[in-house]
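Notes to accompany the following structure.
Note that the chains are named A, B, C and D in the order they appear, and that numbering of residues resets to 1 at the start of each chain.
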Amino acid sequence: MNKGTALIIGVGDGLSASLARKLSDEGYDLILAAREPHKISELAAELSASSHSCDASIPAQVDRLFEAVTGPLRVMIYNPSARVRGPLTDLNPEDVHKAIDVTAFGAFLTGQQAARRMQDQEFVNGKRGTILFTGASAGVKGFPQSASFAMGKFAQRGLAQSMSRELHPKGIHVAWINIDGGIRNQSRSERTDPPENPDSMLDPDSIAETYLHLINQGRTAWSEEIAVRPWVERF
Amino acid sequence: MNKGTALIIGVGDGLSASLARKLSDEGYDLILAAREPHKISELAAELSASSHSCDASIPAQVDRLFEAVTGPLRVMIYNPSARVRGPLTDLNPEDVHKAIDVTAFGAFLTGQQAARRMQDQEFVNGKRGTILFTGASAGVKGFPQSASFAMGKFAQRGLAQSMSRELHPKGIHVAWINIDGGIRNQSRSERTDPPENPDSMLDPDSIAETYLHLINQGRTAWSEEIAVRPWVERF
Amino acid sequence: MNKGTALIIGVGDGLSASLARKLSDEGYDLILAAREPHKISELAAELSASSHSCDASIPAQVDRLFEAVTGPLRVMIYNPSARVRGPLTDLNPEDVHKAIDVTAFGAFLTGQQAARRMQDQEFVNGKRGTILFTGASAGVKGFPQSASFAMGKFAQRGLAQSMSRELHPKGIHVAWINIDGGIRNQSRSERTDPPENPDSMLDPDSIAETYLHLINQGRTAWSEEIAVRPWVERF
Amino acid sequence: MNKGTALIIGVGDGLSASLARKLSDEGYDLILAAREPHKISELAAELSASSHSCDASIPAQVDRLFEAVTGPLRVMIYNPSARVRGPLTDLNPEDVHKAIDVTAFGAFLTGQQAARRMQDQEFVNGKRGTILFTGASAGVKGFPQSASFAMGKFAQRGLAQSMSRELHPKGIHVAWINIDGGIRNQSRSERTDPPENPDSMLDPDSIAETYLHLINQGRTAWSEEIAVRPWVERF
């Protein structure tokens, strides 16, 4: 059964591919967007998805991306983030500004466009649509030598909270997912988890199960925020 | 396929019955415990479950309950809570003490016993077992005229955090679920949601879906805390 | 100028002595209470304070303590806490129960009695009185092998939040102070801070300055929660 | 006694004037910066302070401002914030971007420059300097119809956390103050608090007392975050 369109922004790493395959299996038409479209052409072909080049932190490019979204948009997932590491006093302000733009302003631009589409759609299974933001523990706790990531992820989480309080009563489900740990890269042949400490990195398919659960939650029991982390992760 | 034993403590309201039916459907042998066993006899018969009388805030009764648990304990869910409302200065200290005992100390007693059982079990699908505590927003924010509930639910949440940090690396998954809102009572024939504001109360079956998702999460992506609330709930 | 009575519960360590001396200097009549009164007799003599034996987790003893409080009670500070360390599965339930009683139930009992006294007093400098609870980071984050402390301090923080929301509009200022780190013991002649890492432990006089600031805050700008920690503390 | 330089950015409203007068009284040389310098000329004259025109969200202007800071910089306070209100779907992205720049990116630019100055200064009373950010409850909870303010204040709070964890061990004290409520405007002759609900707005002098307390905290007991709100404020 066709479930409408799912738009995944920031495709390239293991998580996005897992999300795309799972949503395709569930019956969604996929639209994939990335800054570097060659990174998603193979996945798009595999899933018969359309692929788009888009820097989500630039309003005109986001406008153009959403013009390509036809039919009811049921799911939007925002993955991009950027950061510069190092002592606060050494950071290049331009890099910091760009990092905030990618992590937070892009989340706003795409979240706003998705909300515009979704707010006039009919309800299906109690909701008009679902908007998910991929966060990190940097959005809950500001770590040293990581000011730009703290700013971007905190801002993104504040956006998700504001949107969920505003849009839930309109039937649009918004949630922020804290991916607390490193994601295992399935594309490499070698295991990234150390043998003495198996399953110490997040399996993208397991993360995707939680995204799918959020998408399928009944509207009397919506979650707005959730963290996922490996069993051996310290937190 | 038999998945081992699931123990649900504090059965009686709509949530516990939904949890019991869902876990039974999934292949778990059910053990139900309640202070007033007549409240669960019908459900126990329906699910071929054993039922036990137990005040979970009393160590000897908890010991006796767990003696009746044979075979691998895969799931333990703790639901009981108690409170006294009113101005702080009017509260009866004995009632407050009892409320903390039921909400928090009982969670400790049963959580401890469940951990003892689970820690020596073999891993199945990457985990030894799952312990879930039914919380409330009172565990995140202390409301006026509700000191006993704030104390009990905060303590329960602190327990869940301590247990998850200690037991996750041992393969025991612990989570605290904030049920933020009123639960719809399915046993009544009339709808409890007001017609002008449908689905304003939590459907116990929808809540149970999130419990089941937590139980089934892969161990590289465990959640420790989650809130569920109706789409129209203010938070 | 006499400022009325300040009651400090749980006297004995460095913090309580610093608080007592500072409040005495400020013009408060001191009442000191401890489970073991011989620990406070010297300090009481020094400050011309009355001293009382009281296990604050026992209602009758708290009742008796407050019968000894005459005159307007302007400040109440609650310091006692207790814990048992170790793996969750090894903890003695009785010890856990007692720990919660000391840390949280005693805070309730004394907080309730203080509120009863204060709610009918006249306003002085915009407030009827101040109630302060000495917390710990265990009330914000539940650490492994520390279930009883997590439960007690979380419960105490939930109590403080509930009380502040209920009592602030009545003119009674309630706050919870997270002492995040080890307190330096001034009574020992040797320094407890390691020479290579000076000032790594909290100076009780510095903590007391923050307590005094809270007591003196104008009522248009009250704080309900604050953490204090050494400059080199990781958090 | 001269205590070095205090730089206040974002001067104009009642809070900044209270802070400036209090710090001047304490013995600091004041430097005042604002986007519209005519708003601060009178205050600058009153306090013999230097005044500067500066849009703190523009790197070149911040560079120029700090070139004017001579002598040891002991205190830096960042006040500016901006927002656009309205339904998420109606917001102008440019306005949102500018709001984030003023509230959060300007905090980064000035915080970075202040840290550069302070990190090589000698310790006075245990610290090299203090950096304070004026926050709001929007940095703790994202409200509906207020996405831009949620993003800016969350990002600012994440910055403050990252900076405090990085800079505290270097002797630079960083804190974020949540001003939770409306600030009373002393310049108007009429009272802004309703007569039936006195002291319902924050008195800027009372807020300034808490800023001063943070500046004076001993380094074994530094606070990183604090909220101040009127006694009758709901939270």
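The rule is short, and it goes like this: a residue touches a chain if its C-beta (ideal position, glycine included) is under 8 Å from a C-beta of that chain, and two chains touch if they have at least 3 such contacts.
Please read these numbers as outputs of a predicted model, since none were measured by experiment.
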Those chains that touch chain D and also touch chain A are none
Farthest CA centroid from chain C: chain A
CA centroids of chain B and chain C: separation to the nearest Å works out as 33
Report, in whole Å, the distance between the mean C-alpha point of chain A and the mean C-alpha point of chain C. 44
Please list all residues of chain A that touch 2 or more other chains. 165
What kind of graph do the touching chains make: line, ring, star, complete, other? ring
Pairwise chain contacts, counting only pairs that touch as defined: A-B, A-D, B-C, C-D
Of chain A, residues touching chain D in the complex: 59, 87-89, 91, 93-94, 96-97, 100-101, 104-105, 108-109, 111-112, 115-116, 119, 138-139, 141-147, 150-167
How about chain C: which of its residues touch chain D in the complex? 126-127, 165, 168-169, 171, 173, 184, 199-203, 205-207, 209-210, 213, 216-235
